[in-house]
Amino acid sequence: MGMKTDIKLIDEKGMRIDGRRPDQLRPIKIEAGVLKRADGSAYLEWGKNKVLAAVYGPREAHPRHLQDSAKAIVQCRYNMAPFSVSDRKRPGPDRRSVEISKIISEALESVILTELFPRSSIDVFIEVLQANAGTRCAGLTAASVALADAGIPMKDLVVGCAAGKIGDKVVLDLGKEEDNFGQADVPLAIIPRTGEIVLLQMDGDMTQEELFKAIEMAKEASLRIYELQKEALRRRYAIVAEEEKEEIASMEEIKEEEE
Amino acid sequence: MSQETVAQILRDYIYKSLMEKKRPDGREFFEYRKIRIEPGIVEVAEGSARVHLGNTDVLAGIKMSIGEPFPDTPDVGVLTTNAELIPMASPYFEAGPPDANSIELSRVVDRGLREGEVVDLAKLCIEPGEKVWIMFLDLHILDYDGNLFDAAALASVAALASTKVPAAQYELGDDFRLPIKNWPVMTTFAKIKDVILLDPTLDEEKVADARLSVYTDQNGHVRAMQKGLSGGFAYEEVKDIVKMA
Amino acid sequence: MSQETVAQILRDYIYKSLMEKKRPDGREFFEYRKIRIEPGIVEVAEGSARVHLGNTDVLAGIKMSIGEPFPDTPDVGVLTTNAELIPMASPYFEAGPPDANSIELSRVVDRGLREGEVVDLAKLCIEPGEKVWIMFLDLHILDYDGNLFDAAALASVAALASTKVPAAQYELGDDFRLPIKNWPVMTTFAKIKDVILLDPTLDEEKVADARLSVYTDQNGHVRAMQKGLSGGFAYEEVKDIVKMA
Amino acid sequence: MGMKTDIKLIDEKGMRIDGRRPDQLRPIKIEAGVLKRADGSAYLEWGKNKVLAAVYGPREAHPRHLQDSAKAIVQCRYNMAPFSVSDRKRPGPDRRSVEISKIISEALESVILTELFPRSSIDVFIEVLQANAGTRCAGLTAASVALADAGIPMKDLVVGCAAGKIGDKVVLDLGKEEDNFGQADVPLAIIPRTGEIVLLQMDGDMTQEELFKAIEMAKEASLRIYELQKEALRRRYAIVAEEEKEEIASMEEIKEEEE
Amino acid sequence: MGMKTDIKLIDEKGMRIDGRRPDQLRPIKIEAGVLKRADGSAYLEWGKNKVLAAVYGPREAHPRHLQDSAKAIVQCRYNMAPFSVSDRKRPGPDRRSVEISKIISEALESVILTELFPRSSIDVFIEVLQANAGTRCAGLTAASVALADAGIPMKDLVVGCAAGKIGDKVVLDLGKEEDNFGQADVPLAIIPRTGEIVLLQMDGDMTQEELFKAIEMAKEASLRIYELQKEALRRRYAIVAEEEKEEIASMEEIKEEEE
Amino acid sequence: MSQETVAQILRDYIYKSLMEKKRPDGREFFEYRKIRIEPGIVEVAEGSARVHLGNTDVLAGIKMSIGEPFPDTPDVGVLTTNAELIPMASPYFEAGPPDANSIELSRVVDRGLREGEVVDLAKLCIEPGEKVWIMFLDLHILDYDGNLFDAAALASVAALASTKVPAAQYELGDDFRLPIKNWPVMTTFAKIKDVILLDPTLDEEKVADARLSVYTDQNGHVRAMQKGLSGGFAYEEVKDIVKMA
């Protein structure tokens, strides 16, 4: 936050540099079930962010000393592809991605019925293919769809969304310049059904009122994103049902052959 | 007894205590533990402070040298924060490179110092684009009884405030005190079932559902926040916590 | 069922299928899977291409910067290849530094690009001995269903072909397309018992005795080869494969 | 050893640059039981050296392949805090601290009744908070008090102390300048009760006679340090006894309440 | 391959810069059983290459998750000593040696009767003491002798040998300058008894006919190297038989003493 | 048989032998094993020597290059020592970064070379503060049968003595022999119960209580010492050993 600049982030009409209104999200596109090998997956575009999420599990947690005899552990690995940012990022986890992996793991754990799978691990892999501010919220949103696609029992989906402060105004879903030159960023994640906040960070400079307004704005927007998640899953189920029909048909063919 | 049984007993004990409006160590829900600050105890470091927050014990040390600024901020000094959860402090800490917990700790403290504008970094420029003062803040956790965030944030600010910039050694005039701009405060709350507690001990952290740290400056502005653990907060709870912080 | 039992069942199933001149997915022995190439899908990278080879899914990205040439080749650009078998792509891939499989993959692809003279490196010299264009080719394996070599080689060439050199950004004239000299092709065969197959799937690779990858240019010259797995090829088999490649 | 200098390390009266006599130790202060979480601990100041030692165990040795079915293993980790020296030290073990950890482990193992705790590990952590020549002896001396504080059964305490050669004279307990510009350093550790030497290193240039004199000097001094160790433990036991009395009293209160 | 140069690699008479004919190997010297601790070992000089190979096993594979319940795993570690090349090589595996270790492991596995030793590991260590082009073939050839010296049951020995293209000619066994400035290199390994090719790499630029000629040349040469391997093992067995005789004699002495 | 049983049998066997004033390999208590030194066997290195001490086999190689001196010693050359306990040499050595044993070995040898002033480092300065000769001494342990310290120290000195400084290659005049000032000797003793032995084998080291290495120069001065293992020495024992060394 807070690099100095002459860029005017909000114009006279209250519009943002990419033409959005203060409470407007960037365009979001979600597709579930995009990978074959993973147990569940999702692809998400959020503005210029491009994110893949994959889920494996529940499977045996290893190494063994990680196992919890009372519940499954949720292990998220958030990773940025080396080519996803302006200057090539060295492969492997840096400190930032370790922290993000941790808070996303905690947020996802809040909805997964982990007690159903003692000694197991539910592994979530988020790959940022192109980054453009807001990748942790995008990754978490995609991961939650991938978990549903994998059939992991959950209380609800989780939705990530950020709000922030730029040009002394509270706005939704900061873009890259807004993130670089703005005054505050508040990434959060909620469980839409209960309104519980399961991820919350903030950095910058905000009065309490501004902070509360930002949280409310992000909460409200996350309900819209929730609909996109559910829509992606509905499309996915339709395709799966179709494929299963075909599969059953072809299995019947095989049976006939074998007979 | 298995680890799970021990955990269950601890949970039951703390829940029962909280239902009776008592914390295991006798504190009020929104009462801090006793704080003791010892600044300057590592003389060889440019700055240092040891903070005892109850039985939590954190030593912060500052080493200063001269180096290049970051290309995108050529006229300000550089502050680098590192935290080591050394195995001395807890049977659960292991030797080795920083794990997710110590990385989160150092990053949260670092964001707090940065966003809270604790050090006036502009006064640490020697030659724009060429030479600036570099500060290494190292957090050494000596004894771990919960709420590392607040203890570490406090030790960091106290260590910075005690720091003398060794200008003479580099023939850059007299040594001078590190210019401190703000002295913001980190305040951490834990949620256990539906009870919110200030300054959790290790036992309380172990059974907590969620944690929220709020970094506020002298004007009551919020400068940084970090939620932790796998439970959630209702929005009203967040509001209450921020107002209290 | 134990892993070995599963492996045995897979082996039996595939053998039986091959004896009947059928591959499990219905392909001919020397038939490639469907290929889909999406160039330029990572706009922030200077070049990129995603290749779907059946269910194998590889994303190649190119980042360019300016740096020093190697001392023994002072007047040509530098290409560095790295492959990550990220755990997203397979339950058998683990997070961590590149293992032998990903190192072999990146080295084989790198040799192919180098020996096949895909990029005209001489045109990437800015100041001999001082400044040349540096290309980082990163291969990100997203979904793994066998024959990574061919998919990765194809994605690499397609990504390079899509690359714009960001000269304007460094005030070195207009951006220009990366000069592509050759567009050679990697072709991988697997041997299962005495059957040779083109473009093996993961299941086929699992039961294969040996693997041979041949990198040929547009003149039919061989530019690189790599044999894999613990079985062997008769000389005549190698000849047949090279002629087919 | 042996950087060249014009500094006169011994003056005409045979006194050293910090005013000490040849056979004089720097001031030493020991406090036992300074940490709550560890099973045993000690804080030690030795001249400008400041050292903390903590002990955990006997506890299960892990990873398991380290276990010895006949005895406990003793694992010491000597570590310097990044800010403990003039130029910041990068965190984590360097080659010097790996070697020191090894020889301190061996010296401590010589007194611990390891055969009482098969398959266990006794873990000793030494943190140098401020370094000023002689940290390995200071750390070992503190560690031995921490072991006693943890109630680990031992044949005796171990005492570390160095002697050396500066300005052609054999002297006790080199300070920082003496270490940098002197001619030889001989760190050693003894078991006071038996006089056994359990740590011994030397580097520099000494005749055999000088070496023997240095060892004798350090041996003699270690008996004085031994008294400081025992005194620290006596003070510690007094406090513990006091605390236990209070604890019993408060437990009786609780009992009364519960009744 | 393919650095530009003015060096003429083949002269008018068709001879190479080190005076060899196109199909001539560099001098090769093999000695089996050169180390005491290893279960089997061999030392090999090939031109200026100097290579040691040692074998341990079959022994329990560890860590355990590497174990294969159906057969032994073959783990080769090819390593270059830091002083084995012109510019000191940093200790530890680099990417090149990881790849070479992998393909040598695979080539050796092709002849070892691994199914006789489930859950075991057969560990092969190749140390390049001096490198001068062709170390992977030299290492593999030595390793195969070391395996035989260790008594590991094998279908046959494996022989490594390279051919290549320099000055537009196909030649055998490239030397260092030929490797640096030549047009193609084809390292391969065969099982002499069956003619099976178990290692095959190529880089450079060759027509199919040139490639086939290179393979044939290397195949033919490997039969000559095979004879050197067998000769080394025969000499080794003779010495072992001699030593055993002596040992039996001395054991009889001991017995007599004991009686 | 369990490892402990094997160890116990070895212990009993060696004790019994020593009680009868015999060492398992027939040597006297203060007798060295046969030493064979092969200098210069790695021609590509600037210096090298292989030392066979009984069945212990150590290869030392020296590589030289030009670099910057350390800031606090601007006018002398730099010697860096590294030891690799490669898994070839023993079933107990594992691949990977240097462990405590190899670090101790390289540091003890390094201290010996440094304190014993083996190389006249002052003659290796090219331009004070700018350019000096850098020596890398790499110790490669090929076969391990005890007493690595003495074998490695001997191989190091022999390799240094065989070293030619490649001055011509850098256009700094003719190549010249590395200037050797002293040729000190490391002597290692083991204590088994109350018996002191010179040059212990691996089996003797395994059952030893303590070990003492003494590095003495041609004037009988002691230059370095290192005690090892978890047993102790009486002061009189140390005196006897030093006098013998």
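For clarity, chains are labelled A, B, C, D, E and F in written order, and residue numbers in each chain start from 1.
In this section, a contact is a pair of C-beta atoms (placed from the backbone, for glycine too) under 8 Å apart; a residue touches a chain by one contact, two chains touch by 3 or more.
A quick note: this is a predicted structure, and the numbers were derived from the prediction, not measured.
Among the remaining chains, none touches subunit A as well as subunit C. Note on connectivity: the fewest chain-to-chain touch steps from subunit B to subunit C number 2.
Here the spacing of subunit A and subunit B, counted between their Cα centres, is 28 Å. Averaging Cα coordinates per chain places subunit A and subunit D 51 Å apart.
If you average the Cα atoms of subunit B and of subunit F, the two centres end up 47 Å apart. If you average the Cα atoms of subunit E and of subunit F, the two centres end up 30 Å apart. In subunit C, the residues that reach two or more other chains under the touch definition are 98.
Subunit D has no residue in contact with two or more other chains. From subunit A, with the walk directed at subunit C, the chains encountered around the ring are A, C, E, F, D, B.
Interface residues of subunit A, counted against subunit C in their complex, comprise 35-38, 48, 50, 52, 54, 56, 59, 77, 79, 81-88, 91-93, 123, 125, 127, 129-132.
The residues of subunit D lying in touch with subunit F in their complex are 1-3, 69-70, 74, 95-96, 98-99, 101-103, 106-107, 109-110, 186, 190-191, 194-208, 211-212, 215-216, 219.
Taken together, the subunit F residues at the contact with subunit E in this complex read 41-45, 48, 55, 57, 59, 61-63, 65, 82, 84, 86-91, 95, 97-98, 136, 138, 140, 142-145.
Residues 2, 4, 72-73, 98, 100-101, 103-104, 106-107, 111, 114-115, 212, 217, 220-235, 238-239, 242-243 of subunit F are the ones touching subunit D in the complex.
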